[in-house]
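In the two complexes below, chain A is the common chain; its partner is chain B in one and chain C in the other.
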Partner chain A sequence: MSKILGVLADSLLAGGLYATMAYGLAVIYGVMRIINLAHAGFLMLGAYATLFLFTRFHIDPFVSLAVVLPAFFLIGVALYLAVVRRLPRSGATPSMESLLLLFGLWLVLQNLAYAIWGGDTQSILTGYTMKSISFGGVRVGVPLVLVFAASAMSLLVLTLFLKRTYVGKAIRAVTANRDAALISGVNADRISATAFGLGTAFAAMAGTLMSTLYAFTPDFGRSFLLKAFCIIVLGGMESAAGVALGAFVLALLENVMGAYTPIPTTFQDAISFSLLVIVLVLLPQGLPRLFTRISRPAHTR
Partner chain B sequence: MNARNRRSAAAIVLALLLLLIAPRFLERGTLNDLWSIAFAIVLASAWNILGGFAGQISIGYSAFLGIGAYTTALLSLKGVGPYWTLPLGALLGAAFSYVVGLPTFRLRGPYFTIATIGVSEAVRVYAAGVSYTGGSSGLRMPPGTFDFGRDYAAMMILAAAVVLLSLWIRSSPFGKALFAIRQDIDAAEALGIHSTRVKLVAHAVSAAIVALAGGLFAINFQYISPGSVFDFRLSLSIVLMPIVGGIGTVAGPILGAIIFSYLQIKLLSTPALRDSYLFLYGGLLMVVMLFEPRGLVGAWQRLQGLVRPPMRKAMPRA
Partner chain C sequence: MSLLAAEGIHSFYGDVQALWDVSFEVDAGEIVTLIGANGAGKSTLLKTVAGLLAPRRGRVVLDGRDVAGEPAYRLVERGLVLIPEARQLWPTMTVRENLEMGAYSRAARPERAKSLERVLAMFPVLEKRARQNAGTLSGGEQQMCAIGRGLMARPRILLLDEPALGLAPKLVREVFAALKEIRAAGVTLLLVEQNVPHALALADRAYVLESGRVTRTGPCTELSRDPRVREEFLGIASI
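The block that comes next holds the complex of A and B.
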């Protein structure tokens, strides 16, 4: 029983982190129909920025978010204005040019990290890295709890932002129907810039949070990028709630596989990558669409 | 084959003959460089059959290279003559391409590309985890299997064959079907093209060629590991060469391959540049996508268009 609870707790905590990681990808896809492969690069740079602030100024990783988030938001906006805006506009499906351009950007970011920090594995050790606390017999690591709290808070703030502010509403409007949003007077260029900044900031935030949990190299981020894809495809690509659901499902699958099957942990990533392909092929519209299809009688489909 | 193709084919055969007698005149170092260039041309041109002609951009070709290389290494260790293992490697590469293609070809455009990243990463993680690939320490080919002259000749012939094949495909009905799929897959289907079948065949042909190159790679370097043949960077450079040269053309991948192997040879010899190849690759990719998505061939055509009016309209892009 406590094993089941442990697996559930781990999945929930990891799910929060995964949701933060995947949301950045989802918002850029939703607004611009661009698949941002550079996401992995920003994630990695977020981790390194935190490392820099930690080693140079002894700023706690969670406090460093106050610097990392605005900085990467600005970097994202600048990149949008300088590079991404020049691409031919993607239609209903993302264009190959945008995919490959951002792929190139990812490589450049990786090389930047190699040039500055070298290829050695880095990690951030704080006073609470090794500590754990127990909730009703289930032991969980303190960093994981803090990461979950930060993720949950950010997703809450994000939801409020999307629901209450003009820019948030505009982002949702463009995601839902670009043309209708334009007709209603939404400045698509400004919204796209904001969305790109937001996506970049969320990627960096995920990187910061991960730097407290995992060791990292400039190559860090590739496996998480694929997981993030898996999540947004599962979650139906567009809504924040869908992303959270997809994140939890992926984390649950990983933890269940780790706890109840004899598959060695070295193959865990292979499982989530295969899952990505399976999900893309079988559930191209994600779990929400599956639920609506099941819950509706056949003749109204 | 039209007159233009016949001229190109004659030029390729002539170049092949020159390259085959080259070992009599050139130094070993130069021949090694020629081997690398031919290897790059094989990979780029083979990828271009699916990625360029049919517009299905796959970032997962290292899987096929690895399958070819491991087939050759594992069977050679069992005592089979290394060159006899090549057909089997090609067959296995094609078979795996079928397994990968059957589900993923339901996806279009960027979704297909992402699925191929997933597949190749899964293969890489798997290959690094199982014992028969030698794990991180890799496999060494048995002694007595190394013969540079033979491997050099085989690689030159393979490169010429791949380019000739590309020329033939470009003017064949099969090639026309691939072009139709790139431009508009729904319209192609409406014209009676069985798009999945055509894509599967193109995938299998290019995978088999890449697996052959993988076998020759194993023989030439005598040592392989999952880190060297299943590497993501390898998949990456296979994609970059045709894109920089000019995707979907016959000359583009060759041009891209020559430039990339030259850069690689230069990079390896200058320590200051060795650590900046990602910067170079990524920067090139960004520049090409921003300014001329049709690559060097496209830039050349545009330049020609400035000098004299275009002979015919450029092919609309997918």
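The block that comes next holds the complex of A and C.
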């Protein structure tokens, strides 16, 4: 019984982090139909930025978010204005040019990190890194709880932003139907810049959070990019809730496999990749569509 | 000077040309209708004028200024608003959100509450459906939501692409009654409509579009006596 609870708790806690990581990719894809292959690069840089603030100014990793989030938002906006907006507009599918550009950017970011910090494995050790607390018999690490709290809070703020503010609604509107947004007076170019900034900030935030859990090198983030793909295929891109659902499902699957089957954890990437393929074949529109399909008859009159 | 004019428009989808040397004009306060068979280029013309499609040649003149190639959102700020073919609502946003987003432009935002009140008075059913997702509305309700969203932008000239398509006769009459009300409020209308008898009865002047070219134009009273128009669009064989 407590093993089940443990698996559920781990999945929930990991799911929050996964959702934060995947939302950055989802918002950029949703607004621009561009797959940000440099996502993993910003995730990795977020971890290094946190390391820098920690070693240089003794700023706690969670407190460093106050600097990392706005900084990477601005980096994302600047990058959009300088490069990404010049790409030919892609239609329903990402253009080859955008994939090549952002893949190239990822390589540049990686090599930048190698040049600055070298290839050594880095980690951030705080007073609470090794501590754990227990909830009703289930022991969980303190960093993991803090990471979950930060993720949950960011997703909550994000949901309110998307639901309540003009800019948030415009992001949803451009995602759902770009032409409809344009003829309603939305400056889609400005919304794209905002979305690119938001996506970059969320990638960096995921990196900051992960730096409190894992050791990292400039190659950090690659396997998380794959997980993020899997999550947005599962959860869709229109809402933070859909992304959170996809994230929880993936985390649950990984933890169940880890706890109840002899499959070693090094095979986790294979799990997410298999899930990606299965979902694309069986449920090409993702989990939220499955729910709307089930609940639709109740609405139609 | 006319409020809106197109001068020698050539529009393309990629390498495929859809409009050839199209010109028209709309004066303030008028209702002008564009009629033509399926595929004649009516929607393409509205999209070009509204800034969703840049013409390869020609000018789109709004208030005496060439606005060809300007993005749609800028034209919305100048008071030119398109209610597109097939409604193009945001299905996963609520009716209220759809309407509110219509008032996104800087010019319309301060008037949002007042505009919403007016739209709900014109289409009371939208008030009942306000919290429902737009994707769950019936076809007629969706059309009213689309017209309502367009009005939220406080247009001076409204471009409508087949607002009555697929509606039952009673709803068609309702939509046309709404258009009259909108005109009475001082909004200029450019209407594309498959229901040619209704359109000719409502509008002041008409343009006939055939295979991407304007072939005839004139006051509606005149055109509805034209034998070719009667045969082709009104289903009345000429003797």
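Just so it is clear, the second predicted complex is superposed on the first by the 290 of 301 C-alpha atoms of A that agree within 3 Å, B and C clash if a C-alpha of one lies under 4 Å from a C-alpha of the other, contacts with A are read in each partner's own complex, and residues count from 1 in each chain.
Heads up, the rule we're going with is that a residue touches a chain if its C-beta (ideal position, glycine included) is under 8 Å from a C-beta of that chain, and two chains touch if they have at least 3 such contacts.
Note that the structure is predicted; figures quoted are calculated from it, not measured.
Undergrad: Given the touch rule stated above, what does A:Y260 touch, chain B (first), chain C (second), both, or neither?
TA: Neither: A:Y260 stays clear of chain B and chain C.
Undergrad: Touch check for A:K169: first (chain B), second (chain C), both, or neither?
TA: Second partner only.
Undergrad: Look at A:F135 in the shared chain and tell me whether it touches chain B only, chain C only, both, or neither; answer first, second, both or neither.
TA: After superposition on chain A, A:F135 lies in contact with neither partner.
Undergrad: Between chain C and chain B, which one touches more residues of chain A when both complexes sit on the common chain A?
TA: Ranking chain B and chain C by residues of chain A touched puts B first.
Undergrad: For A:E97, using the defined touch cut-off, is the partner it touches chain B, chain C, both, or neither? Pick first, second, both or neither.
TA: Touch status of A:E97: first partner only.
Undergrad: Spell out the residues on chain A that touch chain B in their complex, using ranges where they run on.
TA: Within the complex, chain A touches chain B at residues 35, 83, 86-87, 93-101, 103-112, 114-115, 222-223, 226, 229, 264, 266-267, 269-270, 273-274, 276-278, 280-281, 284.
Undergrad: Any idea which chain B residues touch chain A in the complex?
TA: Going through chain B, the ones touching chain A are 55, 57, 59, 103-104, 106-111, 113-115, 117-119, 121-122, 125-126, 128-129, 232, 236, 243, 275-279, 281-286, 289-290, 293, 318.
Undergrad: Which residues, counting only chain C, touch chain A once they are in their complex?
TA: Of all residues in chain C, those touching chain A are 50-52, 71-73, 76-77, 81-82, 84, 88-93, 97, 100-106, 108-109, 132-133, 136, 138, 149, 153.
Undergrad: Please output the residues of chain A touching chain C within their complex, sorted ascending.
TA: Residue list for chain A touching chain C: 166, 169-170, 172-173, 176-177, 179-189, 238-239, 299-301.
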